Amino acid sequence: MTALGVRGPVRIRREHAAVLVTFGLLVAMFAAGSIVYPGFGSGQVVVDLFIDNGFLLVIAIGMTFVILTGGIDLSVGAVAALSAMLCAFLLEQWHWPVAAVLPLVLLVGIGFGFGMGYVIHHFEIQPFIATLAGMFLARGLCFVISIDQISISNPFFTEWAQTRIPLGEETNVTPTVLIGLAVLAVAFVTLHYTRFGRAVYAIGGNAQSALLMGLPVARTRIGAYMVSGLCSSLGGLLFAFYTISASGLHEVGTELDAIAAVVIGGTLLTGGSGYVVGTALGVMLLGTIQTILRFQGTLSSWWTRIAIGVLLLLFILLQRLLGSSRTRR
Amino acid sequence: MKAVIGHRLFWPAAVLVVMLLANVVVTPGFFSIQVRNGHLYGSLIDILLLGSPLMLVALGMTVVIATGGIDLSVGAVVAISGALACYLISGQEDQGAVSGVLVAVALALVLSAVLGFWNGLFVARVGIQPIIATLILMVAGRGVAQLITSGKNINVNSPPYKLIGGGYWLTLPFAVIVVAVVVALTGLAVRRTALGMLLEAIGGNAEASRLVGIRSRRLIVLAYTFCGLCAGIAGLMISSNIATADGNNAGLWMELDAILAVVIGGTALTGGRFTLAGTVLGALVIQTLSTTIYTTGIPPQVTLVFKAVVVAIVCLIQSPAFRAKVFRRRARPAAPPPASPAAADVEVNA
Amino acid sequence: MPGAVLEMIGVSKGFPGVRALADVDFQLFPGEIHALMGENGAGKSTLIKVLTGVHAADAGEVRLGGERVSVTGPQHAQTLGISTVYQEVNLCPNLTVAENVFIGREPSKAGAIRWREIRRRAAELLTRFHVDVDPGARLGTCSLAIQQLVAIVRAVDISAKVLILDEPTSSLDRDEVEQLFTVMRRLRDDGVAILFVSHFLEQVYEVSDRMTVLRNGRLVGEYRTAELSRIDLVGHMTGRTLSTLEQLHVRDETARVQAEPILKAQGVGRRGAIAPFDLEIHPGEVVGLAGLLGSGRTEAARLMFGADVADSGTITLGGKPVPLRGPNAAIDHGVAFCPENRKSEGLIEDLTVGENIVLALQAANGWLRPLSQARRQELVGRYISALRINPADPDMPARNLSGGNQQKVLLARWLITQPKLLILDEPTRGIDVGAKAEIQKLVVSLAEDGVAVLFVSAELEEVLRISHKIEVLRDRRLITEIGNTGTVTPEGILEIIANGTTP
Amino acid sequence: ACGSGSGGSGGSGGDDGKITLGFSQVGSESGWREANTKSIKESAQTAGIDLKFSDAQQKQENQIATIRSYIQQKVDVIAFSPVVVTGWDAVLKEAQAAKIPVVLTDRAVDSDPSLYVSFLGSDFVKEGEAIGDWTLNEYKDATAPVNIVQLEGTVGSAPAIDRKKGFESKIASNPNLKVIASQSGDFTRADGKEVMTAILKANPKIDLLFAHNDDMGIGAIQAIEEAGKKPGVDIKIVTIDAVHDGMQALADGKINFIAECSPLLGDQLMDIVKKIKAGQPVEKRIITEETTFTQQQASEALPNRKY
């Protein structure tokens, strides 16, 4: 688009403002919850938000990379489930040491990402369909490994799963939360302070231009899917820590949650614009909606769904209203 | 030959044919079609009949995708439409009354169109990204369907209603006729008027379309409304076929299948150019795939792996880049020297 | 003379149905500025894209410093020391100006990008090129000219052995062009080999040492600039001897003044874009907008079409005030608008040439009243031949056309609607000499038929040549209106701008 | 199931009033589930128990979070129908630490039994075995191979795995009984019909159909009828659940045998909750009173079925 009325710097600040608005709305929503429901406003509820959604946060962060390049990754939930399954299987059936299993599982995730990225870039297959095939494959492999659910009894795992790091009285967090936050920090730095990260944005802005500018488009695009694969399998491991088990039925539909979180966080599905911090807020929002409904505790199954839809709608409308009001037209 | 291979529908059609042939190898009677109970009977008919709802949903999805959008709510609309129609019919004194069924069907379709319209408003007027705008209805809509059915199956026992998705007319499955008519009408509406071109323009470059004076908002709303309507008809078919409205499961994950059908058919998800015939082929490919899985007895736990492999092969075969990179490399040593321009041309076009 | 730094031998490249390059030889020496000349669609950009590995050649070889290389892509080309500005701006609109200059080669410490350094150096570079833009601005919010300058700054800053500039000056003003030339000469003196493409003959003659001429994908010849006259050059390019390069002075002052103004703008403005201005355009009148880069010509033009919404003032169309909330109201009143950025705002690359041409008319008719196939073919065929769109295939996807031909498609799109007022923002950008003269002639003849034209161009000579009156803009403010009495010169206008004379 | 009615007067004796029960439901994937939910809601009301209800939409993470949130809300008793068998240790320990007793309904978990007070529900393996027993008996005189088609539930789900296991372990003793096709119909009527339609085409001779739930069975009946065969006669049909539609089909002779899997756990659950609150001992594992139905029994039972 050509010269708009709004000059550059203002525009950028506006984008930040969108994230701020999202944050503000989230806080407001939380405050409303605290007023309506007793016990809602406690620190532990906030922390639980992180504990319960840590794996989604990590997966959504990976998804952010892919969406920023203008792609999409539908395989995340299945890859996460596969990672957990593989981990549980190797630990429980083959009794491999944890130190060997964890890296291997992460490698499998990266490998999945690489395969899909390679096909998407070099064979010009639409990301949607390539990752859908990846989703079928990963989910299918779960059942090939074991149709039954597997409990993990490995002492390291169970130990970790029950570790709590106290944060003052009555409030404590799991190590997985810290991992989630660390991933967030690393993703932020990667996206904003490395060439790879900037190339991700450039490709999303205009892949053809990025190519002509001499950017490593192939490496970057495939890299984004590898990041997503890595995050998915890490998310899967977090989920395994969370439940100390694995099942082929885990994390069905997580890809939609992750995409929703990313997009609610202000990232454009067309690529090139968005922040990983926004994604974190998106995850928190989805979690908060669920929490509110849990505290409400009187809704039937269908009213639960309708309420989720309505809350989401309200949030997005407000976000739209308060955020970037595009006065262009 | 060149023209055939170069045609955009060649590869989806080839895939479909190969898949059908594979079935014949495993199940020799696969192609046999008999007349039983006064109507056609056979696996091919099953594929057409069971694939009908998907064809319709994918058809609507194609139009939405052409505008550069996407509609995740189709599955929920499928459930709502079936639920409402069955709810209304089951409440009637005489379930077999044609008038009552017509009223129920009409109301269900109106509601579906309204839901599509609602999506369109959010996308075109409010300016929310399509995936999120329709995600809202995807989540809430499922709840609405369950609300209508109270989470239970609503059984209907209404011969006229049964016709829509499970009945036959002139020995042909009525649903297939409906799909044929809808596809034909849509094809006419899209290609005989300027609608198709304008939709492609919007999907191809929204800003340029605005500056050229296309009233894109209206057209986008129209596209989503049409998509809702198609999903509504599909919902009627599904519930009619089993004479039951299942608010919980009808149309579950159907949006993914529909998008897959569109993409297999050769329409890009980024919007712009679209092909309705390709979408129909894509939907048939998907339905054939499921039928193949059931008839050949692939164990349930490897079904998904099998699906993944087939989808991957289908997509790779369709990708010109893949064919160029893989087949050319292999063909090169044998290829005649570039002196023959005809051969070179084929390669370029292939 | 030292050996060629870059050499192409017998290069051919075909696209389905088109032979874009046929057995072309080309040599580029260090320390020269070499112009690549040819009509629209002659194959200039294709040659450049083959050189930098965007397209793989069907036959022939590329030699760099005497050694045969096979360039795999722009990234590879860059590492080989070839830095390129492609035709049409190819930058990332979502990144900042500074980032566009440095992306892919950001200064970094321990793997972490040093943003402060980037901003500092970008600011330095931009000042050096006299580009007045905030390095932190998002590139997409900048005018096309600024974007073009940023692309140049980027390419020049990548210190390279070979610098390729494909129509870098198509949206630039004299000053900017002058600055670019200064830089080019300095680089040449440092031994850089520069390949330069432009349709402005003056610029080519001013800056280049040698030139290679292409016609229909074939090499016509290689010449020393000093030894080739303009007429001969044009002859080589077109394959015809051309005599229409001269002026076309056909102005009829009497007819237009009496008529009611077709468009009247009173106090129309938009905050941050252009200050409120008054303007009248009469039927049969060509009104030129003159100003320097970023003076607000595009903004003014967009407001009158409703492409942007004015936040003050009224626009009267055909005697009635019309609120322009979008382009449709203007279009309904017979206003047409060719935007300056044809890639992002004009062309729909997916559609065919024919569809692009009928799009505006069809949009005005509404989707329910399609043009009949016969009428469509007739209209498209007529305008393809009238504007000499090449290749003359209405079913070719518009994206495959060369830049200049794409511009003609956009013109055809609006001409077909027979508008009352035609707003042309840089309609001759990237158009070759012959076609440019044709477009100018077309504008004049449209005006004679009573069509009003608002003509925006960075080329003052062109504005002067065809307009009846000229609106001069400066700093996003309309400062004065002058009648084009024949005594006005480009220098005179520049002086008005410099002095900031207000009416 | 057993009627508890209004056992105590107005909840547990000397407490601070009402008992609060937090219940986390799997989701709302079927009519069976809905009957289950309804039973629990109604029983809670009649028993004067304050029920907090939440639908996990088939997601374990939602269920875990819900249980956590019940711990936050300091409910008196937590009950839930686990989505999957595994992965509950951590949250159950948290509940234990908060001294909130937990009751499992419908599906079991594989956690250490000390982590929950009681399990109330069905034994899916037993249901499969009941079907297997019927099959053995029905075909005990068969000399030719008996072709069996199995419509499995959702791949990887506990009922599907266990019912298959129970069934197949039983029929293994008779080599004449052969499962010639086994496909997943996802527990839904539409899929049951689609799968059966395809299987009918590929296998001309089918003697027995075992569907993992009534819904798939009913879908399959339609497919069989459309193929011109008589369900219950040409192809014998056995299913599990005994929901209303299934019982009707059984009474109509279209199904031959149903093993019950009762969703009506509400009253029993409320009893247990009250006992726990009153400090009385409860059994660790309470299998719901379930039975099996033949066509004859179905016609008799049908008029007083609640669901």
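In this document, chain identifiers A, B, C and D correspond to the written order of the chains, with residue numbering beginning at 1 in each.
Rule of thumb we're sticking to: a contact is a pair of C-beta atoms (placed from the backbone, for glycine too) under 8 Å apart; a residue touches a chain by one contact, two chains touch by 3 or more.
Note that this is a predicted model, so its numbers are computed, not measured.
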Remaining touching clusters (ignoring chain A, no chains moved): one piece
Pair sharing more residue contacts (C-beta pairs) when B-C is set against A-C: A-C
Rounded Å distance, chain A centre to chain C centre (Cα mean): 43
Geometric centre distance via CA averages, chain D-chain C, whole Å: 71
Chain A and chain B, separation of their C-alpha mean positions in angstrom: 29
Touching two or more other chains - residues of chain C: 326, 339, 344-345
Multi-partner residues of chain D (each touching 2 or more other chains): 28, 34, 37, 155-156
Two or more partner chains touched - positions in chain B: 146, 151, 207, 300-301, 303
Contact pairs between chains, per stated definition: A-B, A-C, A-D, B-C, B-D
In the complex, chain B residues that touch chain A: 72, 126-129, 131-132, 135-137, 139-147, 151, 207, 247, 256, 259-260, 263-264, 268-269, 300-309, 311-312, 315-316, 319-322, 325
Residue ranges of chain C touching chain B (in the complex, touch as defined): 14, 16, 58-59, 305, 307, 326-328, 331, 337, 339, 344-351, 355, 359-360, 362-371, 413
Touching residues on chain C, where the partner in the complex is chain A: 54, 73-75, 77-78, 84, 86, 89-97, 99, 103-104, 106, 108, 111-113, 115, 133-134, 136-138, 140-144, 154, 270-273, 294, 298-299, 308-309, 325-326, 339-341, 344-345
Partner chain D, residues of chain A touching it in the complex: 39, 42, 44-45, 48, 51-53, 55-56, 142-143, 147-151, 158, 161-162, 239, 242-253, 287, 290-291, 293-295, 297-302, 304-305
Contact footprint of chain A on chain D as seen in their complex: 22, 25, 27-28, 34, 37, 52-55, 57-62, 64-66, 68-70, 72-74, 83-90, 93, 110, 154-158, 161
